[in-house]
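Take a look at the structures below.
Note that chain A is present in both complexes that follow, paired respectively with chain B and with chain C.
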Partner chain A sequence: MNRDNVRDEVIRRSGTDPRKCMKCGKCSATCPSYDEMEGHPHEFVYMVENGDIEPLLASESIYRCLTCMACVERCPRGVEPAKIVESVRLEAIRKKGANRLTPEAVAAVADEELPQQAVVTAFRKYAK
Partner chain B sequence: MQRIGVFVCWCGSNIAATVDVEAVSQALKDEPGVVFSTNYQYMCSQAGQDLIKQAVAEHGLTGIVICSCSPRMHETTFRRAAAAAGLNPYMVEIANIREQCSWVHKDIALGTQKAIVLGRAAVAKLHLNAPLTPGETPVTKRALVIGGGIAGIQTALDIADAGFKVDIVEKKPTIGGKMSQLDKTFPTLDCAACILTPKMVEAAQNENITIYSYSEVESVGGFVGNFDVTIRKKARYVNESICTGCGLCTEKCPVKNVPNEFNLGMDSRRAVYIPFAQAVPKVATIDPDYCNMLKNGKCGVCARVCTAGAIDYKQTDELIEQKYGAIVVATGYEPIKLDKFDEFAYNSSPDVITSLEFERLTNAAGPTSGKLLRPSDGKHPHRIVFVQCVGSRCAAAAGKGKEYCSKICCMYTAKQAMLVRDKYPDTEVYVFYIDVRTPGKNFDEFYRRAAEEYGVKYVKGMVGKISPQGEVLKVQASDLIAGRQLHIDADLVVLAAAIEPDRSARPLATMLTASMDTNDFFTEAHPKLRPVESPTAGVFLSGACQGPKDIPETVAQAGAAAAKVIGLLAKDKLTSNPCVASVDELMCNGCSSCERVCPYGAISYVNKEFRMPDRTVALRRVASVNPAVCQGCGACTVACMSGAMDLRGFEAKQIIAEVDAICK
Partner chain C sequence: MYVSYFPGCTLKTKAVRLDRCARKSAEILGIELQELDSWQCCGGAFTSAADEVATKLSSVRALAEAERLGRPLVSVCSACYNVLKQTDHAFKTDPEFASKVRRYLAPDECYNGGTEVLHLLELLRDKVGFENIAKKVVNPLKGVKIAAYYGCMLLRPSDVLGLDDPENPSVMEELIRALGGEAVGWSQRNECCGGYVLLESPELAKKRSLEISSDAAAAGADMIVTACPLCRYNLDKAGSGLPTVYFTELLAKALGAEVDEI
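Let's turn to the complex of A and B:
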């Protein structure tokens, strides 16, 4: 897939419209994982809008998002940044072919190293 | 001996926080002639004014001193209060202990001391005051509107609607102004011509409105209610009353290469021209700089083809003299020159254009019939970069642009970017901005629509450099949110150039003795409370001559200015300021110094018979002041070498008494 297709797919899957963002920074202001992320929520939205998905896929930032949804709750434009982060995360997980996780399998894989939010995300995905 | 009352105002904490008002009223109690002295929280309030009236009655006061704000603020208020109490309103003196004392000092002891001195000076002056009676002058029930853009047209229509005669003076061959050059207007996207031209026609057909097109104001004399204006009707070499506007001459004229100013030089017109199809008045004008007949007497084609016989090569400028009660300035704006912004390559690449040029490129009546084509090669641009704040918001020290925000650019850029994406979805559109400023009804929604629905790419950051390279413009810019430098190959760059007052504004302000700010925008009498009046009585402001304004705001202000004019013209008589110059004829030596310095032409000289001490009669030449024209500026009193000229209410002996009181 080319750059624009990846972007369109990420945006489609997130169910959001990053163009609604007016760059106020409220998502980053509200994010509890801000210091843990190199691509901060507002930058995340902007990069997806511009199609710069590659660096995000390679970044640890996608696993640092707690999916706490505070940014979704407080965004004045209804952009829902956490959903965009999740969509990119799914892009990364699916690329690795590890896009399936059963509840039974959790115990086997859960250890100190596994990012907790990956588990949370996996569960929410199955709930859809 | 006067019986003087002193009233010290606290102005809430404005004065009382820096001046011990009680100490001031106590100290002034001991001044000669002062029989009553008090202080109060708000002297200008109804309760404060009642306090004055009561004191006048109880203590038999013959004059009052108010220690308060500037007389510019409340002199009228206190004069009215004095009149209501039965005093002559000119027996009121104001000591400005706010602007000239409490607001500029921090030390209470020093501030109090200064307030006492200012009060003492006012008391000393009041001792020499004499009751004055204002005169009355008639009002000429006709208004002059200078400038025939949307501001001038709207003001004229509103005044005419109230039943008064209005003349519009427009320097161009047609009314319509900048709005007639625009394509669509934000935020509703009505086409500018569709909403403007009916108003132009309405103005032309209204029997109360006379349009002097291709005319300029030559001189202004007189004063509020009685302005004497000379209008120069420039020779257009076409008889306006005969020309039918058929346009045959504009097709047959052999001089084809005249830059067409209506399309900002992007195409050409003939030496005889009608600016645009809906021009009002729709008559041809011959450009004397290009017409062969006028330049060297060889041609005459237009006269031969004109079936109406309207061409008149012998026509000369005509001077029209007219009296007016009120004058409205509506001279508008123009985009700044971009010579100082080499980095944008405006002068070196035809594909770097201004926003106004862009309007012409998208206008169906423009040089490309509304097709968005690059000026260089006529190709459709696929990547367009809009740059905002070009020459706006620059520090004065940088010496390049204007310090102010031009206010209209954010919205028209959003409009232009949106319309490009709407009409040509294959075009990539960038807007580089420092801030996007969209206060106004439905404005922010409009801008968001450009970004969200039309996919205009708004990038926070400025364009640093544009280099034309072959067919493309290499744009180097910053994306401050991504924290990186962008390099874009653009086909077309549109610069949102700052706007400045029209060049005709400065000389006009001098003629009108109306004040301007450092940017040559006309100053309003009060920035909040009198926004459409000039400090010069009888002169009103409409539209962008007062500051950058979009169309809705201009129309609103135009209506407000009209309301003020109607209020003035509805009066049969105006009371005139009695504080005018008066001459002591026995001391006047007839030197004419005062006549020469008077900016209002209020002084003339008369030959008068005088009885001399030896019982002979001598004929002497002496100054004579027209009190209706005199504005009381005092220039003549300074110029008078024999001390014959004095200003009522501000006589030399009164000023000396004030100085003595201060130096005591």
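Let's turn to the complex of A and C:
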């Protein structure tokens, strides 16, 4: 796929319209992972809109979004940045061999109390 | 009152008290939680991507079974509730998604969008009534200062869930007061504990949870109450020392259920 195809696919899959963004920055202001991301929610929105997706695919930021939906809830324009981040992350992990999380990695950190919920959710977010 | 019940994977294992205290309390309140015969794990998170179908089928199957039984589908776990309700909403509002889903289902599994998804907190507030619960309290939580922690999954996205005001929720505080406890005011109650990021960046989960737990402690709380096993795990591990309990544990205790045996 060329750059425009990837852009269109990411936007289509997100179900959102980044053109509605008025660049107020509220999404990044409210993001609990802001300090852990080098690409912040508002940057995801305009970079995807511009088709500048390669840097986002290579960025750790796609694995730092908590899907807490604070940005979705608080966006005054209904842009829903978390859905754009999710779409970019799927673009990355759906590629062959691109799973971010392995069962071995979970086994290494799991303790007696770790709820199944943590494991199933992490696999849904970090692997295909 | 008969309702269909979706316990979820974690309530059968690591969060057994969340489940059993809900069942005991429901019994006392005259609610029959009838566990679905063939529920499967909701997956823990709703994937917003429009082209993701297979991961949502377990939720659709649960919705379909509840529809055949003609009863609301109740969950106690915040994550199950969130996933079931968002899947139901996607089914009702996205004809392309609904059409793809139908191709995966057996003929007797068809879903027509007729199931009401409820969190137990909603059922208690809207169908039982906190004033009626207050009348059945035998062990009031007198003098206990409790920080109601909502996190993300009970509240957002609010246009789909509609459980409470996403910025100023009150359902858990109302329950705490009905049980005779004192609900403290604090600012981090609808912020994220870090959730699944625990398995990607334990430091980030710890940072988030410590911030939340410390805020509750600074507000003078004796304990934090939650509906989510993962929130509880993260908050317990964060190390501010404030205990975290499930809302069903408080409910069962106040209603006089023999919770120590659970």
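In the analysis below, the second predicted complex is superposed on the first by the 95 of 128 C-alpha atoms of A that agree within 3 Å, B and C clash if a C-alpha of one lies under 4 Å from a C-alpha of the other, contacts with A are read in each partner's own complex, and residues count from 1 in each chain.
We take it that a contact is a pair of C-beta atoms (placed from the backbone, for glycine too) under 8 Å apart; a residue touches a chain by one contact, two chains touch by 3 or more.
From a predicted model like this one, the values you see are computed outputs, not experimental measurements.
Look at A:K23: by the touch rule set out above, it reaches chain B but stays clear of chain C.
Residue contacts after overlaying the shared chain place A:H42 against chain B, while chain C stays out of touching range.
After superposition on the shared chain, chain A has more residues touched by C, the comparison being chain B against chain C. Once the two complexes are laid over each other on the shared chain, residue contacts for A:V6 go to neither chain B nor chain C. Contacts of A:L90 after superposition: chain C is touched, whereas chain B is not reached.
In the superposed model, A:L57 lies in contact with neither chain B nor chain C.
Put simply, chain A touches chain B in their complex at residues 17, 19-20, 22-23, 42-43, 46-47, 50, 52. Partner chain A is touched in their complex by these residues of chain B: 448, 451-452, 455, 460, 481-482.
Residue ranges on chain C touching chain A, taken from their complex, read 8-10, 13-15, 41, 43-45, 47-52, 55, 77, 79, 151-152, 155-158, 166, 191-192, 194-202, 204, 208, 228-230, 233, 236. Those residues of chain A that touch chain C in the complex are listed here as 12-15, 32-33, 36, 63-64, 66-70, 72-73, 80, 82-83, 86-87, 90, 100-101, 105-106, 109, 113-122, 124-126.
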